[in-house]
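Each chain carries a letter (A, B, C and D) given by its place in the written order, and its residues are counted from 1.
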C-alpha cells in the first residue's frame, strides 16, 4: 500500500463538495460540543482519508498512525476484505430490527462462544450491544442479577467507559466530579503497575505483596468488605482489564491474576474481564486474559470486533450467569444490539482471524517494534519504560532520571507528530500517537497488525525526530 | 421498488454459504443470550433480505413491515442513496479516531444545530455518541452538570433506554427489578394518555386536570418536591417523549406541553425531549416536539439519523448547557461517538430531508393510513382506539367493549403476521407488527416514508385478515 | 395545681446561680447552633419552670401550654408519680450497659408486646432505642432485612424524623435540599387531607378517589411501581402516620386505612405505623391506628412513652419481621437503647395508663375543647377548619374566605402568645402554641391529659384575645 | 463507697414488687427483640443495682465493672453529685420543648464551645441531639452542607454508630449486609494499628509508611479520589476516632494525625473527630484528639457527657461550618435534642470536670493499671498486647505465640467473669469486661475515674483468676 498515491486520489475527488479548512474549524468551534476529546489540542487536525497504517489530511500529508483508533482498527484502515463484507451486507440485509434473527448474528455469536468454550472449557453465551460502555452495562446487569449486590471492585488506573454506571467503576474521579452522586462507586484496588509499584516494592522480589494486601481485606470484618460469619463479601465482582488500556498499556506479572482469582473464588466474587481495548489479538491472543491462565466469568468486548466499521460490542458470560432461566427474554434491549451490518463485519473478522496466524504475527512484530524502541531508550533516558505484550506497547516518558513522569515532554511530542511537519525520508510527514498512563506520560502504541517492518522503522524514526526536537524546545 | 424480484435475486446468491434453518435455530438457542427480545415469540423468524417496506425470509416469503425497526429505518430498507453514501465513505475514510476531526462530523453537527437555531431561535451544539441510551446518558451528564442535582421527573409510560441510568428514568419497574438499587429513580408523572385518562376525565372537558395535578406538587414543601422558601425543586429536569414510543404512540393534547413548560420554567426545571424514536419526521416534523410550540432545553436523538445504517446518536443542547465553558474537553467520551461511517450517512439523511418534502408527504400518507384503519375500526369494535400523528400510528386492541385491553388478541395477530401464511393478493405473505402500550395491546405502526398507498392498502388487508383469523381462534 | 405559686417558689430559688437574661441570649446567639428551631422566632423565650399545663419564664409569667412538647408530655409537666419513678431508679440502678438486662426493660417490653398482642391478635416483639428517628431507622432495618428492598412509600405531609434516612421518607424537600443525594427517597403519595382534598373532591362524595388513584399505580408496569409478571412491587413498605403530626393533625376518613391495607396486602407491602407523636393516648387510644381497624406490621413509638423524661423510643414488630431467626443478636445496637432510667419511667407510664381511663377522659376533654373552638369559629371565619381526634386538635388559619391559608396571621398569633402579654383573667399571661400544616397555618393543639375544663376555657380565651389582636394589626 | 452494703440495702427493698428470675428471662426471650447485643451470651445477666465501680445482681453478687457502660459512666455509677443535679432539674423544669430556651442548655453549650475555643483557638458552636448516632448524623449534615459532597473517608476498624448513615461509614460490612444498598459507603483506610501493622512494618522503623500510602492516593487522578486539574477530592471529610473504641482501644503513633491532617488540608477535606467513646477525659484529656496536636473541624460527642444519666449528645463545629448563615434555623431538629434533664446533668459534669483534676488523676490511675497488667503479661504470653492511654486500656488475647488472635480464650474469660463465681478475697464475685478488636479478642478496659488502687488490684486479681481458669479449660 502506498499512502501517497491514495491520498492524492482522494484529494482529487474530495474538494468539489467540501468547505474550506478554516470555515470547517469555525463551524466546529461553534456547533460541535467540545465535551469530547477533540479539543485536547489547541488546533484539531482534520483528516480526509485512511488506509493501512496511515491517515491523510486535506493537504495530502501522510500521518503514520500508531494508535489505530485506540485499537479499534487492528486490521488496518480500509481493510479490503472487511470493507467488502460490509458492502455485501449493505446490498442484502442492511437493516433488521434486532427482535428478529439473521444468520450473521447467530454465526458470529456461535463462533465466539464456541471459541471460548474450547479455550476455557466453559459453555457460555453471547449478548450483543453497541458501544463498549453499553456492553459493560449489560455485564453489570448480569453481575447484579446473579449476586443480588450492586457494588464491585475495580482497579486504580482502570477504564471501563463513560456512561454513568461505567464511570462509577472507572478510577478517575474527574469523570464523576460534575455528574452527581455515584452511589455505586467501585472500591478501587491498586493495579500491579510494577514500574511504579504502588507499594514501592521491587519486581520479582516482592512476593506479590500487592496480592497479599488485597487478601488482607478479607481477614476480619473490620477491614470493611466481608462478613466473617458467613464469608459473604460486600462486592460482587472484580472488574479487570488484563492489560490496562487508558491506564498506559501496563502488563501485570505472570501469576498475578491466578493469585487474584484464587482469593475471589473463596468469596464468590465474579471475575469480569474487560477486553474492549485489548481483545481481538492486540496482545497476540484473542483475549489478553488468555496470557494469564485464568477463566473469567464474563468477558466484555467491542472495538476491533468490526475493525471500527460498526460500533457493535458484546459480552460473553458463563452459562450460570446468562442462561435463559436467569437472564430471560426482555432482560435488556438495545435497538442496534445485533445490527446486521455489525454482525456481518464481525463474522468476517472472525473468519479472518481463523485464517490468519495473528498468534504468531502479532508477537513477532511486537518484539521487533519493542526491540527498536529499547535500542532508542539507551540513547534517551527520558524513555523511562519501554514494555508491551504483542502489539500493545508502552513508552513512558520521564525526566532525565528515567522515572519522574514528564507530561510536558509527552505533549510536545504529540503536538510535533500531529503538526505533520516531521521530515522522515525527505518528505513532510506526521505521526499519530495516543497518550495514556496515570500521569498522562505514556505513549500507548497500538499499530495495525499489517504494519510492515519498514513502517515500524519509519515510526521509530519519526518518534526519535519528534523526541529530539521536543527535548531541544524543552 | 418491487420486493419480490429482489428477494429472488438475494435468495439465489445466499444459500451456498449458509447453514440449514433448524441448525441455525439450534445454534441460536444454545449460544445466543435470550436476554434480548428475540424470544418474546416461541419460534423466532430468520430474515435474509430487506428492501423498501419489506423483509424476506429464507423461503422467499415477503413480509410487509409496518414497524421499520421501531422507526430506525424511516427512509425505507436498502435506500439506495443512503447506502451509496455509506459505501462512498467506506472507500475514503472508513475509520478515524473520534479525537480527530473529519468534515462529515462537522457538517452534520452544523446542519442539525443550525436547523434547530432556526426552528427554536436558540443557539446550541451537538454532541454525538452511539446508541440512543448512550446519548441519553450524555443528556443526564449535561443536566447534572448544569443543575448540580441528580434526580429528574419522567413520565409513566415513558421509555428512555436500558443502560442502568436510563432504566432509572424509564417507568417499567420490571427493567429495574433484578438489577440492584436505583438511587436515581425518577419521579414518574402520569402522561396525558387521554384514551385512558389516568384521572378518568373526559378529553376536551378536563381543563387539563392532569397538568393542574402536576402543578399542585409545587404548592407546598409538604408535597415533596420543592422548597417554598427559595422555590428550588428536588428534580432538575423533566424527561419527555413528545409522542410516547414504547408507551404506545400516544399523542398528548395540543396545549399540554406548553402548559407543562410553564410550570417547569417557574422552578428552573429543564425540559429534555427524547426524540430517539419520533425524530426525523416520523410525526411529520423533524422533531415531534415541534408540534407543540415548546422549545426543549435538550433534544436526544438516534435511530433514523442514519436510517439504521449506523448506531450513531446524539444530543442537541442549548448553549448555556453545553458551551465549552460548562462542558469542557474531556467531559465525556465514546470510541465510536462521531464515527465517519455514521456521520457520512447522517449527513446524507439531512440532505435527503432538505431535498424532500416529508413535512407534506408524511402527514398525507399518515392520514390516508389512519382513514383506512378508522374505516376498519367501524367493523371491528376490538380496535378500541385508532389514532396517530404523521406516520406514527396506533391501534389499541381491546375486548368487544372497545376499552378493556386485550393482550391475547394482540399477540395472536402478531403471531399470525409473523407466520408468513397470510394470503393477501393470492400470495403467501407475512406482516411485521410491533406491539407497545401500557397493557401490551397497542400496535405501534411506523411504516417507511416511501410506503405507497397500494402498500398501505395491502397492510390494511393483511391486518384485517390476521385480525379476523385471530378473532375466530380466540 | 396552681402555676402561680409554683413559679414564685422556683423563681426565688433560681436567681442565685443564674446569668442575666440578656447575657444568656448573647451567649446563646454566639455559642449555640441556630440549626434547630429555636430561632424561628426573632427573640426566643427562656423558661425556668414547668408544671401541669404551664410554663414559667424568668419573670414569673405563666404560659398556658397547648402543645406539651409536641405531645411528649401527655401526662402533664412535672407529673409527680412519673417524676418519682425516675428518682427511684436514679437511687437504685441509674446506669447499666444495654448489653445486660434489668427488670424494667423486660417488663416494659412485655407490657407493650402483650398489650399489642391482645389488641391486634399478633405476637410481636419490642426493640428499644433513643430518639424517634433512631427507632424509625430500626424499623427501616426490619423492612429492608425482610423484603430485600430499600425503597418505600410515604405520605405527602408525612414527618418521620431528621436523620438522613428519616429525611429521605419525610416529604419536605427542604429537609433534604442541602444534605447531598438521597438515593432512598420515598415515593410520596397524597394523604387524605379532606379539607384540602388533593384531587379537589368533596368528602363523603368522593368514593375514595384518592385510594383508587393509589391502586391504579398497580394496574400496569408502566405506572412505574410493579412488575405485573410477578406482582412484585419496587416499594417494600408504606410509612404512615395514622393522624399526620407535623402535617397538621389531619385525621383521614374512617375507612381509608383499611382500604389502603387491602392494596398493600395484595403486593406484599408492609404497613409501618409511625406513632411517635400520636401514640400513648393522644387520640384517645394507645395507638392512633387503632381507630382505623387495621393491624400494622410495625409500630414506631417514642416521645410520650416517658412523658418527656427520657428520650427512650422503640418499635413493635410482628414476629415474622423481628424473631431472633430473622433479626439475630447484633443486628443493631445503641448505647442508650434500653437505658434503665428510660425503661423505669416508661414502665410507670404503662402502669399509669392501665390504672387510668384515658380512653374516656381524652375524648371527653377533646370534645369539650373542640366544641369551644367550633363556637369561636362561627365568629371568626379565619378559623377555616376546626377538627381533631381525642386531644389532638387542629385549627387551620385562613383568610376571611375560610380557605386560603394564612401563615401571616398564624405567625402573629404565635408571637402574641409567646410575648406573655395577653391579659386573660386580669393577669399578664402567655400562650404556647405549635404550628404545623402544609402551609404552616395550622395550630396543632396537644394539651395535657390533665388539663381542666377551666384551663381549656382559659386557652380559648387567650386564643381569642391573640386572634382578635392579630386581626387588628393585620 | 462500699458496694457490698449498698447492694444489701437495695436487695432488701427490691424483691417485693419483682418477678422471679426465670420468669423474667422467659418474658425477655419472648417479647424482647434479640437484635441488640444482649444475646451475645447464652444466658444474659440481670442486674438490679449499680454504684461506684460495681454492678449487683439479684442475688447480691458484686461485679467489678471495668467497662463502665462502654465509657458512658466515666464518673462512677450513681455518682451522688450528678444524680442530685438530675433530681434538682426534675423538680424545676423537667420538660421543655427544645424550640424554647432554658438556661442549662445555653450554659452547657457555652462552656463546651468556650473550652474548645481556648484549646483550639477556634470559635465554634454546639448543636445537641440524643444518642451518638444522631449527633453523628448531624455532623454528616454539616459536612454535606459545607462541601456539597456526600462521600467521606473513614478508618478500617472505625465505629460511628448504627443508624443507616452511620453504618455506611462504619467499617464492618456485617452491619450493612442485610440492610439494603449503601450508596454513601465510606472509603475505608487502614488505621495505624501498629501491633498488627496493616503493611507489616515495624513500629518506629516504618517512617509512617501508612500515611505515605494514603498520600499516594492523591498523586494521580487514576488513584480514584482526586481530580488533579483542580485538586478537588471525591471525599469531603475523614471520620476519625482518635483512639479506636470498638476497634480495640488502639492508640496511633504520636505524629500520625498531624501528618494526616496535613494531607487533608491540601485537598480541603474536613477532619471529623468522633469522641463519643473517648471524650470527657477517658484518655486523660477532654478530647482524645488533644493528645495529637491537631484541630478537628468537627467534634462529635455523647455518652459520658451525662455520665449515662441522659442520652444527650452533640457536635461542636468550627464557625465556618455551623454559623447561622450556613446552617440556618430549621436545618435539623430532634424532639429531645437539648432536653432540660440532659443539659442539667451535662452542665454539672462540666462543672465537676472544672473542679477536678482528671488530667492528672486519669493518667496516673491508667499508668498504675497498665503497670499491673504488664506485669501479668510477663507470666501469660497470651496477653499479646497491653497498652492504653489514660484509662482506656487494652489487653489483646492471643495464642501462646503472643500474636495469633484468640477469640475463644477471650470469650471464656468474659463468661467466667459474668458467671459471678470468681472468688477473689474469699468472696464470690463477678467481673464485667467488654470485648472489642478486629478479631474480637481485645479487652477494652474503661474503668470509673473514681476507681481506687485497691479496686484496680482486685480487677487484676479477678482477671488473672479468670484467665488461668480459662487456660485450664481451654
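Details
Everything that follows uses one rule, which is that a contact is a pair of C-beta atoms (placed from the backbone, for glycine too) under 8 Å apart; a residue touches a chain by one contact, two chains touch by 3 or more.
Quick caveat: nothing in here was measured; it's all calculated off a predicted structure.
Contact with subunit B and subunit C alike is made by A, D. When the contact pairs of B-C are matched by residue number across A-C, A-D or B-D, over half of them reappear in A-D.
For the pair subunit A and subunit C, the distance between mean C-alpha positions equals 59 Å.
Measuring from the averaged C-alpha position of subunit A to that of subunit D gives a distance of 50 Å.
Look at where the CA atoms of subunit C average out and do the same for subunit D: the two points lie 32 Å apart.
The set of subunit C residues touching two or more other chains comprises 148, 150, 174, 180-181, 183-184.
For subunit A in complex with subunit B, the residues that touch the partner chain are 10, 13-14, 18-19, 24, 27-28, 30-40, 44-50, 55, 67, 69-70, 72-73, 77-78, 83, 86-87, 90-103, 105-107, 109-110, 112-114, 125-134, 137-138, 140-141, 144-145, 148-150, 161-165, 174, 178-181, 183-184, 302-303, 307-311, 317, 322, 324, 327-339, 341, 432, 434.
On the side of subunit B, the complex with subunit D involves touching residues 148, 180-181, 183. If you check the complex, the residues on subunit D that touch subunit A are 150-151, 156-157, 171-174, 176-177, 181, 183-185, 187-188, 190, 198-199, 213, 216, 219-229, 232-234, 247, 438-439.
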